[in-house]
Structures are given as structure tokens and as C-alpha cells.
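Below is one structure, written out as C-alpha cells; comments come after it.
By letter and in written order, the chains are A, B, C and D; residue numbering begins at 1 in each of them.
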């Protein structure tokens, strides 16, 4: 393992301190328990709080700021944060309209946020994101994983919360977006968890992992490496299949998010975008909004995910509204 | 080599097409000869054009847009573009106040832009960036390389040009910033040029390359891998030494840019930032502006560069002014 | 059982977890996300740092405190589960002055039930419960039969190992491995492994006792 | 010399460059940025695609067209340099109807001077000029002595190889390798290698000629 670090045990704290210093106009970090909150406490709005294991930067701390999150709780790398973090964050940022947790659907995140919610004294609700269509939903599983769609949910729910909308309305919007978003990831390499010191999985140059999440878990299948168009074609097919399975329309305006998992150059992400956009247009969609870059990563994994969110006027309006965070910024 | 690509020969065109599609509101791409220009042609201003080999994304095409570049000419990967590209770009975007080329100081870029300039029929000037302090300047060498400081020059000169300032004023500002900026890079791994198909250099887990540029050239020295603080300490020392050598003040406000070379996670970049900011404060500087992320990359290299720009009111004003490009956006 | 015994057992558990780093770590790497060993270690070390605070407490209070500490230290899926286990054990033992072996078996069972509730999981889902449920059942049964502690310890070790082994050919329907479908088959569950290691550590302490 | 000869030589150069892929590529990887072989190949292939357009042209016009084509095809440092070389050769030969071997030597020399001007470089800076300058000098001298073409070709091959070899122990003061300081010592220059390969290819054609 080769990383810029001093001591694995202090890595997170040092990095968060650097983050808070670099964005001192936007955020503040607090330790024991650890959370990042907006520099300017927002008033009279639902407090939107997210969190999860670290290693997905800029998610979630990078999305704290005007128009998005009020606070984020970073756990250890790939390990969900603990309830005391959520409680401290909620205490610090709640502003009389309740607390909304946005939680990626993983056993650990779900349980820790659940326990925090049970201990919370003010009004609260939770949105679970589960946009990963690589994991087949069935009554036997804990359900789909939350991946890149989480960014879209956090952006739009953050925007709605900023208007003073109530807790229920925010939850409804978040769940609508989650339902209307399908994502799938493919990895060329594993990632290396700093504390583990070596790649989570071994993979040869002639294979890829299809249907990976964002934690270096093996994907749904190991497949032969092939040209980008063939890989993207399969990814788009999985997304289209998922949209069909959800009985949502195979037409209309979409937001197309091509997300890098950490070590993938922009040149490759735009190449993927090019093919994905073409295929989706052929299917009958109109690509009305785009986002290409590293928005939710798996440390240093070479790989990418594709997400499609079926837009409507409400989602589009909240996607377009001003946002000012370290990781996403426009109109401000 | 494992990359998302179809055919090495078409990679650039496919990626640029994806880029232009994803940012269709901002830019247009043209081929044969290849250049990217603003969607809305700017009027009555100096046309600011940059370019260079590809593989440094988001530089330069990602900086085309309001408040920054009017056009960018991407060459093959790590190969400077050809004069016909600059001529076509200049023809497309010039707006009666002359053309300013911003060129990173590499033999290839210098000569190609020079030949274009010689063939250009309208008023023009060129700024050469040379902020890399790993390369000792001497009368015997072609001079220092242009690296991450180029982003600062492009941002601020783009801002000044937007005000309608003349060619000379833009050139003066760019050269001032270049003089006041020192950068140095360190690599943990090599990068892989797609057409070459394998890493440019081999390096063991116990070594790093100190003083690398942005093309996978070997650095100034191969050194033992060590903890991040020790590496950053040496990098900051080289920068401070360079500022001293240039007889510039070792105090005052600075812009601190910690740039990822492609495969370095944000968590590590912020950790580097944390240490660099601390050391620079100790030296007597005030970190007044910060930028952390992948702004000028070396394809998929794991590594980072640190840049320090000595601010003054003029530079600060142009750094802060609104910018709306794919790679850098604020206030818009 | 008192807090001395608890501190003693916690130390034994910690030593056993550290000794099984390679196994535990590689299992979670194979079909999880690779952090389970680090999570367990962090938890064990947090408990070691509060041993002095635990010393004056009743067994019930010590177990509750351990649960609270784990809750704010481990994170991940295993954090809330182990926390629920200890807090529930503490709650049950609160009602008894000096706990008999039957009391402990009942407390253990209630701890396992707390895990089932928190994780909404059953036996057969390829989780730690595939070790914990059979151990709880056998423990309760043997304690009810007034078997000597050493005999119980010997049997529970076997039951734990069998439970662990049973996870190998299961599809995962809970936790991170549930995303893998058939690919999880052939691998042991990491959480089940740490439970087996911990149960063996505790039983070995009982077996090593002079009397 | 006519455009047929030029097309023929261009084909020989192309074959030679492709045959030396491994050498050229690895030299630019060692102390450059690894693209020099690809750049050369792209240039050679561009010339191959215009061979039909070159056929009707005079030698001078063909050389100029080759220069222009390389200028808009190669990029990098070598692009403008080779482009300047051929454009300058073309300009010199323009003034002569049928070029003698002396004319060609002079044109070659002017091409090399154009490279020196464009790159602001001298001999001894670890670049292609360390092959080209001695070759130009010797060529002019031998042509001035009216030596037969085959003898000249044989000698120039040696001079080119010696020039290439001379780059090994030089510090680079021009081009990308100048950033490496002492680390460049011990490595041959990639551009010098392609020049050696090209000169050998052309000389071998002359040596292979029946008459």
C-alpha cells in the first residue's frame, strides 16, 4: 500500500481538519464525536443530515453547505458512523423543523442511524437510498444498496429544505428521487482500505468486476475485460431493465451521472458518458442534465458508475437551484 | 493496462465529444483541427487561448467558459497540439482585442505555439508558465516547467480579460502570477499513456519520485517512501526556498493549491493540505485562498503537487471573480 | 459473575481477536468490505481502556457500559449488534443479585434476541447469528440441566465451530454479502468467525480455571 | 532526387521506425514522457497517406508539403522540428532544377540549421541535433569531395550511430529530459535514436541500389 498518510489511526482526523481548514468559510468540523456542520447555522428549516463510512469523498462532508446538507457524520473508512455522532450533529444543527437523516441502505448505516433516531428527542424522519440496480431486490435480501443516487437525493432534498418545506415534504421528495434513480458500477481494480494495507480483492488485467458497490465489495459478477462500449452497453441495459421493472416510463428527461470511483481519469469518464448518453438517447430518453466526475468514490478504485434519474419539473428545479458546498457548487 | 476505452486512436475524440455533450450549455468542440471553444462567443475582449497535450484533464478544455478561457487546443496524450489547431481556435474566438496564448513551458508546447503565433494575422501575445520549482532554473536549461500554477494564471488572466483589459495588461498580470507561484510535485506511482499501454516508469512500494512534472517524466530524485508529513515538509521547503531565491517576501497572503495527479483520493489531498497549511503558517504566511482537488492531472498517476501563489489585491480580486467552466465554477 | 470476571474475559477476548487477525480480516475482504477485523479490534481496545471504570460496577452495569462503549466505538453493522447484545444482557442481569449459570444463559439468550431484533435477521442468513443462536440454545438447555461449567464450555466450543462452519454454504441474505448472490457461497461469514473466536476465548478461560 | 525517390525513402523510413518501436519507445519512457515513438509513427503514417498527392510534385514542393503535413500531425517537440527541417530543405531545393548530391547536402544542412533555430539548441544538449549536426557536417564535406553516394552512405551511417551514442553521457539541457538533471546520464536520447534510424534507413536504400 502506498498512500500519503502519517498514521492510519489519525488519517481521518488529519484529513477532516485539512478539509475544514480549506473550506473554513463553509464548514466546521468537530471531534469526539466527529461531525462536520455548516459554518452558518441555518434557521427555520428541516435539518438535513447524512453520514456513512469515510472513503467516499467528497460524499458526505463535501456536500455540507447552503442548498444541501446541514451536517455530515463521517465514520471510519467504509464503516458507518456511530449514533453519538448523529445525535451530536442533530443537536448542533436542528432548527425547529425537525431532522431528516439521509442514509445509504447498508446494514451498518441503517442500524446506527436507527439507534440514533430512537434516541433523538425532536421530530425526525429518515430517507434510505437504494439506487444500486446491480443488487436484485427480493424479499430475501436487505434490499438494494445506496450508491451515487445519494448525491442527487442530497442535492434536491437539500434544496427543498432550504425553502422551508416541512419534514414530510422533504422525505417524500427524497423517496421519489430514490425510486426514480437507477445506478450500476463497474470496477477495473480493487481499492485499498488504509487500515487493511492491501487491496480488498485481487483481479487480473483481463477481468473486471461488474455491479460493484462503493466499498470494494466484490461485484455481482466477474467478467472479461472488454472495450468500453461493450461494458457501458451492459451497464445501460441493466439500468433500462431496472426502470422497466419499476414500471417507470422509458422516455422523458433524465439526469445522467457518470461517477468516478476514485482513480479513473476524467478522460475515461467522459468517454463513458459519451457512449451512455448515445445509448440512452437511442432508448428514447432526453439527457437534460449531466454530471461527470468523482462524486462518490471507493477510495482509490479504478472504476465508474452510471446513474440515471428520471426527471420531472420538481426534481429539475431542485437540481438546478443554487448550491454552495466543497464538492458541488453552482449558482453561488 | 486497464482503461475504459475502445480504440486508442479514437479515445481523445470520443472523450472530447462526451465532454462537449455533457457541457453543451458551455462549450463546443470542433475536429480537424481539434479545439474546444465557448458556446457563446465573447465580444470585445482579449481572446484567451490555451492548450497542451491531453491527459491533464480538466486542464485545459475544462477551463473554457465565462471568466476563464475562450478556447483550448488539446493535443494527443502528453503531446503538444499542432499550430493548425491554435490558428483555427484563434480564428474562431478572436474578438478584436487580440489573442493571448497561455502556454506551459515545454519545448513542444513552446515551439508549436510559437509557429502558430508566427502565422497569426492578428495582434497576439504569449504567456509561458514555469512555476515548477523542482527544475532548477539555469542558463543551461530550457527553464522551468509549467505545472499547476497554470490553472491560477488561466483563472486570473481570464478574469481580467473579461473586464475588457487589453492584451498587454493581460500578459503583465499572467507573468506576475507566474513569477509569484511556485509548485512541486511528488509521485507514488507512474501513469500509463494509453497508446504506450504500460506504465512510463517502474517504481517499488518503498520509493517515491520527488519533483515530478505532469507527464510521467521521472522526477528530480527517487527517494525513500516515508510518512506524508515528511514528504510535505520537503515539498514546502522547496517552495519556500524558491520564493526566497526569487527574492519575494516570505510573508503575506497566499493561495494554497493542493492538486491531485489523477489517482489520489481527496482524503489524502486534504491530509497533505492540512500539513502544508500548517507549515506555511509557521513560516509566516497567511493562507487566504485554498483549492484542493484534481485540477491538472497526469492521467492516472497517484501523486500530488503543492502550489503557493503569493497574493496581492489584484490577484485576489481576479481569483474571486465569477467563473463558469466545467472544471472550476463559482459565483455563477 | 462480577466486573472482575468481565474485565478478565474482555482481556481474553481481545487477545483472541488480535490472534485471529488474518482469518477475520480476510473473510470480510472476501465477501465484505474488509473492515471487520479493524472494527473488532477498535471495540476490544475501547473496552480495555475503560477496565478501571468497569471495576467498581455490578456485572449488570458493567455489561451495559460495555454495550454503550461499543455502540459509540465500533460503527458498521457489527457495532450496534454487539452493543445491543451487551446492553440487553446487562438489562436482564440487573434483576438478579448474584447470577447463577442459568441466569447467565438467559441473559445470553436475550442478548442474541436483541441482535436478531436490531438486525431483523434469523438463523440461516449467513451472519453472526448462525453461531450465536445455536450457542444460546445449547447454553440454555445445558444450564437448565445443571451441567458443570467446564462441560458446558467444551460443548459450546463445538457448537460455535459448527455454527461458523454452517455459514460456508449459505447464501447471504443480510449484511454486505447479500449483494453478492451466489458468489458468497463457499466463504465463511466474518462476523460469525469473530463470534466463534470470542466464544472460544471465554470457554477456554472457564476450562483453564483450577477448580 | 524527385518525389518518387522521396516517397520511396519515406516508405523506408516508416518501415524502419516501426521496426524500432521498442527502442524508441523505451528511450522516451526512460527520460521523457513516453510518446516519441507514437509521435514518429503518426508522422510516418500521415506521409504515407499523402504519397499520391506528393507524386506529381517537384522534390522541393514535396519536401515542403511533407513539412507542412508533419507540422499539423506530430505535435510535441519533434513535430515542429522535423517540420522545420523538411520545409527548409524544400525551400533550398526550390532554387535548383535538378539537385546534385552537393545541393542535397546543402539542403540537409539548412534543414538542420532550421531545427537549431526553432529549438534554440546546439550540439551537446542531448537532442536529435547530436546526430543531425555531425551528419550534416560530414555529408557536406564528403559531397564537396565528390565521393560516390554509396561511400557517403556508409560513412554517414557510422557518423549517425556515433552521434547517437554520444548522447548517452550527456546532461540534457533542452527538451523534457532537462528536468532530470544528472538522472538523464546513461540514457540515449529518443529523438537522436529516431534520427539515427531514419538516416540508416535512407542510407540503406542508397546502398541497396543496383547501380
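Keep this in mind: a contact is a pair of C-beta atoms (placed from the backbone, for glycine too) under 8 Å apart; a residue touches a chain by one contact, two chains touch by 3 or more.
In UniProt terms, the chains line up like this: A, B = Dihydroxyacetone kinase subunit DhaK; C, D = Dihydroxyacetone kinase subunit DhaL.
Quantities reported herein were computed from a predicted structural model and do not represent experimental measurements.
Engineer: Once you find the CA centre of chain B and the CA centre of chain C, what distance in Å lies between them?
Structural biologist: That pair's centroid distance is 54 Å.
Engineer: Using mean CA coordinates as chain centres, what's the gap between chain A and chain C in Å?
Structural biologist: The separation of the two C-alpha centroids amounts to 32 Å.
Engineer: Using CA atom averages as chain centres, what separation in Å is found between chain C and chain D?
Structural biologist: The computed centroid separation for chain C versus chain D comes out at 75 Å.
Engineer: Among all residues of chain D, which ones touch two or more of the remaining chains?
Structural biologist: Touching at least two other chains: none.
Engineer: Going by the touch rule set out above, which residues of chain B reach two or more other chains?
Structural biologist: Residues of chain B touching two or more partner chains: there are none.
Engineer: Is the way these chains touch best called a line, a ring, a star, complete, or other?
Structural biologist: Topology of touching chains reads as a line.
Engineer: Would you mind giving me the full set of chain pairs in touch?
Structural biologist: A-B, A-C, B-D
Engineer: Would you pull the chain B residues touching chain D in the complex into a rising list?
Structural biologist: Interface residues on the chain B side: 33, 53, 75-84, 106-108, 111-112, 114-115, 132, 134-136, 140-142, 145, 193, 195-196, 200-201, 211, 213, 215-218, 220-221.
Engineer: Would you tell me which residues of chain B are touching chain A in their complex?
Structural biologist: So the residues of chain B touching chain A come out as 1-7, 11-12, 14-19, 21-23, 54-55, 57-58, 62, 188-189, 205, 208, 225, 227-229, 231-232, 256, 258, 262-275, 277, 287, 290-292, 294, 297, 299-300, 302, 304, 329-332.
Engineer: Quick one: which bits of chain D touch chain B in the complex? Just the residue numbers, please.
Structural biologist: Where chain D meets chain B, its residues are 25, 29-35, 38-39, 42, 71-81, 83, 118-120, 171, 173-181, 183.
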